[in-house]
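Some structures are shown below for you to check.
Here come two complexes built around subunit A, the first alongside subunit B, the second alongside subunit C.
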Partner chain A sequence: MIRLIRRADVTAIHSLISIAVAAVLTLVISTIVLFLTAKAPVDALMQLLTYPYQGGTVIVQWSKALNMAAYLGVIGLGLSICYRANVWNIGAEGQFAMGGIGAFGTWLLLGSPTAWWAIPCLIMGGAFAGLLWASIPALLKTQANTNELLTSLMLVYVAAQTLFFVSNGPWQAPVRYSPSQTVFLPESVQLNAIIPGVPTFHMGLPIALGLFVVIALLVLYTPFGYRLKVTETTPRAARFAGYSPRVTVWAVFLLSGAMAGAMGAIYLMGDIGYVTEESNFLRGFGFSAIVVAFLGRLHPVGILLAALLLGYVAGGASWIQANLREDDSIAGFIEVIALMSTLASALFLQYRVQWRGFATQPQENR
Partner chain B sequence: MEWAYLVLTLVSVLNFATPLLLAATGELVVEKSGVLNLGVEGMMIVGAMTAYFVGAHIDLEICTVPHFSGVGCLVGTSSIPMERFAIVVLTGGLAGMALSFLFALLVLGFRSNQVATGLGLTLLGLTLTNALGSGSGDLKVGRVDTLLGTQASDWGIWGPLLNMNPMVWLTIILCLTVGWVLTHTRLGLIIRAVGENHDSAHTLGLPVQWVRLGAIVFGGLCAGMAGAYISMIQIGAPLWKEGITAGAGWLALALILFATWRAERVVLGALIFGFTLALELRLQTLAGLPSWFVPWLLPSLPYLIPIIVLTLISLDARVIRRNAPASLGKLFEPIS
Partner chain C sequence: MLLKLKEITKTYPGVIANDAVSLELNSGQILALLGENGAGKSTLMKILAGLTQPDQGTIEMQGVDVVIRSPNQSRQLGIGMVQQHFALFDGLSVLDNIALGLPKIARSELRERAMQLATTYGFQLDLDDAVFSLSAGEKQRIEIVRTLLSEPKILILDEPTSVLTPQEADQLFDAIRRLADRGHGIIFISHKLDEVARLCDSAVILRRGRVAGTCDPRGGAQSEMAAMMLGSQLPDRTQRGTRTLGPPQLVIHDAQSTQGDAAIKSLTLHAGEILGIAGVAGNGQDALFALLSGESSMTQERALKWLDQPVGGLDPNARRSQLGWAFVPEERLGHGAVPHLSLTENALLTNLADPTFASNRLIHWSHVTQTAESIATQFDVRHAGLHRQARSLSGGNLQKFVVGRELIKNPTLLIINQPTWGVDMGAARHIRDAINTLAESGGSVIVISQDLDELFELCDTLCVINHGTLSPPRLIDDWTLVELGLAMGGQITETIS
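Then we have the complex of A and B:
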């Protein structure tokens, strides 16, 4: 009935078609879900789509989307590097958490300074902690051939337990703070708001953007990026080219771990200010970043757009929850629907779909 | 060491091992047919939530004060009889099955990336349960009846073991049966043929896509029922909360790798993983442990020990390569 013919040449047009199919599918299914779940679906849909202009301060609303997009974009870019090399790092959430812990630990190690120079040190400390955490699955993968997908994920649970441990144990703040958290970082070590009164638009966002641009250039225009491209498209050619698979595994794990860790440090200094238990510290950036990586088809430009999209949707969902008392879980649904639609629509990128009518026997004419 | 203590430990181990074993049994068939479904965690948690809500509904008539939503019970001292519990477990399984159909549609129909789709399925399960499962705090679900009831004490120290839910024993039997079917029957041969080399299987005229659909759906059923065990049986009284499966689906996936796709070793692995989970409850009360052990290392052990065990198994790369289905996770493009 339907025959799929693999395309010999995949061009930009096919790519655009498949993206359009994914976008339409996402929009249609998300709207259906919204209509099934929301109390006032039409209102909810309108306000979700145009939430920055629905009565709140426009810049504050936009900054929420940009804030989340920064985290998702950088972590997602790091993960995309892994996935292009066929390395399945799905433990970014844990590397992010360890980044926060590492940054706070660095601050304590430095003797709790209040000077500005602590900020770059903390980011470095966070990146290093994320890198160390990611080096565990990398080590096990290269030395013992252990499945990195499962080990990196299991370490998320261990990292979450570590958050619980430090915020209730050695680093627990004195009694006047709320229980199970560390002390606040001093004001001078936090990343301050760029525009006064918009706390989510802090100095961490330009830093994240800079990091994103540097790594994107690395992926697009350097020999390392070329190596990734070869490994992604034809692993056999990568072997013949003499690219050591071990070095690739190490490189992508350490890079993505450091990126997630750096974002954990920025999150600590810009958004939350202290280390606390998993349920209050982690917001699922590490898992949403997996979606971002695939939505962006593992390409830096796509990842940037996908991160902005999910950031915007999350901002809109929290707006309709606050304003219309709708459930903000619609953001999670849209995220998953977009992922599934993108995965399904890749079919139209790779194949020509031919409708052959109802009665034909496809075996006859090949 | 007292015998009674050992028996209680065994009960605890079996209790934790059962959902892992059940989900792993389903996934074993899926992977043997050459498909990698990483959505086990998602299917499990949807099964857990569905079973809990159906469980709240199913003893409605014994309720003294029904819940205002019409589903479940606010006040009541009811219990769920065994045959009704079977329905509860099956609905959990059906919920997992529904999710697995979506996976099958994408992977078999749209030829999507199996790893990414499986991860997406897990995210979908978590999102669904977070959205639908909130506000269940005041639901009252009756305990599931036990086999012996109050007569358990007649059996002395063996009482707790014999009084366990029959799912425990049925799961072990199911896993061994599945292992036997895979190795000794025509059906098993077909499944393995599809998983080892889908092109050869296709050339032989085997319906590759249909075999895989069947396997995926069976996997969804098992994962959903495993989730139902977690929410209905595992802690004694039925409980639902967000993220209740706590990585059990991932442990089930690790279990298959540990067992190198052999059913009898899946049972063994489930007991080992169950033991690490049971350890937490057993060691918490022990005196003289360092101050970081109980709050940090002990709760991490159920995730650290599988990492160590997997590493030891993987050290010899040939063991994995010899046993892994050769077409696992690969794209099937029928020539037509």
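Then we have the complex of A and C:
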């Protein structure tokens, strides 16, 4: 018989053990699934793990992984702030979409400039649009006590319809473009490639990294971060410390919305160049970022690693699809397995396992 | 005789939880088990449930000596227990929840038996409802039906009315009476004296692990019972000198919380005064504390005056930083301290409005660490490093830390709820001395406690809380045991003061 005994004190060692357990679990289960589903499993596994060195241009392959990791990392960090405050914002996908729309709208409002100074304005416009979108569930939660899980998720679909509306309606480009899209942003207002010939490695990535570092420092070292630490497990102690729950809800929603919105703007300017329908504009960053937040245990360093991992796996999956004709849905599968393993192994962080029989008598609790 | 406990004794390190406790229960009898928190009720029930074994003493069921080694065995012996906290799955239906934990029987048969029980005892219960949609009272009925299905001879209800509305409580009492009429023996654990007087036909009062007395609660024996819960005489106060009090500082007049769960009619607190608030547990002490600390809002800002200024609208941090107040809640882990944060980080918890600890942008960790160190040395907190999590400390040490964190600020007013609850003797001594020192130096203190010895040792004045309402305070020497019992039993009238 197995017993779980609650640990008195959780240290860094326990954290490392539980992460190692999660990594091994993920690898084992993913391998089994790959062997069950793939046509050439050994080859597929090999190439999935080492795809940047499998014949493609190394820098191109790596930059794909980093590009995706940038979006997942920043959005995931924003979401982790919500989750630590027990605010369940799962609408980052919508806030990201509104960021793209807001950035493009800002460009139009500024009179379609071609000068470089439009770039920071568009990022701010995108952040502001994401913030506004996130303020809706915040308002509903604080004023009407609605469940933010539902409202934030539903607003994703409203945002997706808004993408459809603007790209087929008021902002639709002239007929010589493909249908249902806006015009391209001018080259000078796009975030250009840092290394020529590697379009996914663009100026947006260092900007995202900078944003990530600033917010990570905010979370780790400021009074705001302390507020999150207290609110995360003990809302009652947070009120005792003088924190208003209402203010917390607003702060985390607005911050995470702005971060997702800023990334929407960067995506518009760095990766795609125009606003279009949902199916071509949204790649699920906002949803995968939820996984990233929990995979990283809601800690900035963990989130950074989780984003890199998922970015790398997604790159590998599309590589084996292109080269080995394997199903790339393995990426989504690995994402889920990693999340489940992490959540399951979190158990070992809080409890130690005791096998009854050769252990001492369990302690009685009064 | 259904159940007979003889001389049950159970010791835990440092405490005697049950000290030669004996009680008897007949079939058809509703027995109240009364006592303060820590009087030994839960230990006794754990013994009956098979969760722990007594060190000494015997349990006799229907004339046969039994040893209860496990919860399963307890059930087989015919002891059914309805816990205070429900163990139900919200997503499942009522019937599914009832089926869980029972031996496998056919759904239709289970449904029939459950329905039959529900009608017999007057429970309105739709077996197909999802549990999440039910009220606390309905959830409790599920627990009771589930327990009754195993056909217990003895039914133990642990503070069953704490979550119920008065109407639901009435329905529960009807059901309990019917159960007793059909020959079940009922043990009703409570500290609500008026309910015991209405429902039970005998009462056993525990105090500090011992049986303090038994009585017939029917016909208004509330004050008798309260007196037994308190002890046979008022604690000795000869060691304590009288203090001279300063000018009035805190004046409360008709204060009421917005939720309506706490009210203070009139109260004046002088500089250097220690005011005690006595009361049976669960009479609104927490709500009163929240009202005073600013965690809950009050209806009128003017109701609370500090040095003639209305301060009822201030939040906890404003009360701390602008008025110099300090608060120690009852719950150490999760309210007064954050369990998974380090001691150093916890030293910051109530100092956030102090610019020497934190500005808007930065936390001054060197100052926080220094403060944590001073708290630990001055208040003798034994710890294995200030970076260790608060929850790794023993109750007494953590309490010294939490109290020390507030006292080191030399507050103008300290409001402290259950200062020494669950704390060892040494730590309790240390904390009480520190409270006294604060009062000597001119600080005012409000002590909310269920420990009369503690209140009589510390306080200059004393009032009683009952159902969220505070009685007028009186000098501690003016209280008699009878009057205290009356007040705690809810029979206080204005004429007493």
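Note that the second predicted complex is superposed on the first by the 356 of 366 C-alpha atoms of A that agree within 3 Å, B and C clash if a C-alpha of one lies under 4 Å from a C-alpha of the other, contacts with A are read in each partner's own complex, and residues count from 1 in each chain.
In the analysis below, contacts are C-beta pairs under 8 Å (C-beta built on N, C-alpha and C of every residue); 3 or more make two chains touch, one makes a residue touch a chain.
Keep in mind that what you see is a predicted model, and the values were worked out from it rather than measured.
After superposition onto subunit A, the modelled positions of subunit B and subunit C overlap sterically. Annotation for subunit A, partner touching more residues between subunit B and subunit C: B.
Touch criterion met: A:Val158 reaches subunit B, while subunit C stays clear of it.
Contacts of A:Leu149 after superposition on the shared chain: subunit B is touched, whereas subunit C is not.
In the overlay built on the shared chain, the residue A:Arg239 is in contact with subunit C alone; subunit B does not reach it. In the superposition on chain A, A:Tyr226 makes contact with subunit C only, not with subunit B. Once the two structures sit on top of each other via chain A, subunit B runs into subunit C at 81-89, and not at any other stretch of 81-89, 279-287 or 351-359.
Taken together, the two complexes place residues 366 of subunit A in contact with subunit B and also with subunit C. For subunit A in complex with subunit B, the residues that touch the partner chain are 3-4, 6, 37, 88, 90, 140, 144-147, 149-151, 153-155, 157-158, 161-162, 164-165, 168-169, 287, 290-291, 294, 327, 329, 332-333, 335-336, 339-340, 343-347, 350-351, 362-363, 366.
On the subunit B side of its complex with subunit A, the touching residues are 38, 102, 106, 110-113, 115-117, 119-120, 123-124, 126-127, 130-131, 246-247, 250, 253-254, 257, 291-292, 295-296, 299-300, 303-304, 306-307, 310-312, 314-315, 317, 320, 333, 335-336. Chain contact summary for the complex, subunit A toward subunit C: residues 8-10, 221-223, 226, 229-230, 233-234, 236-237, 239-242, 244, 364, 366.
Only residues 12, 17, 42-43, 52, 293, 295, 315-318, 320, 327, 329, 331, 334-341, 345, 348-350, 352-353, 358-363, 388-389, 391-392 of subunit C touch subunit A when the two sit together in their complex.
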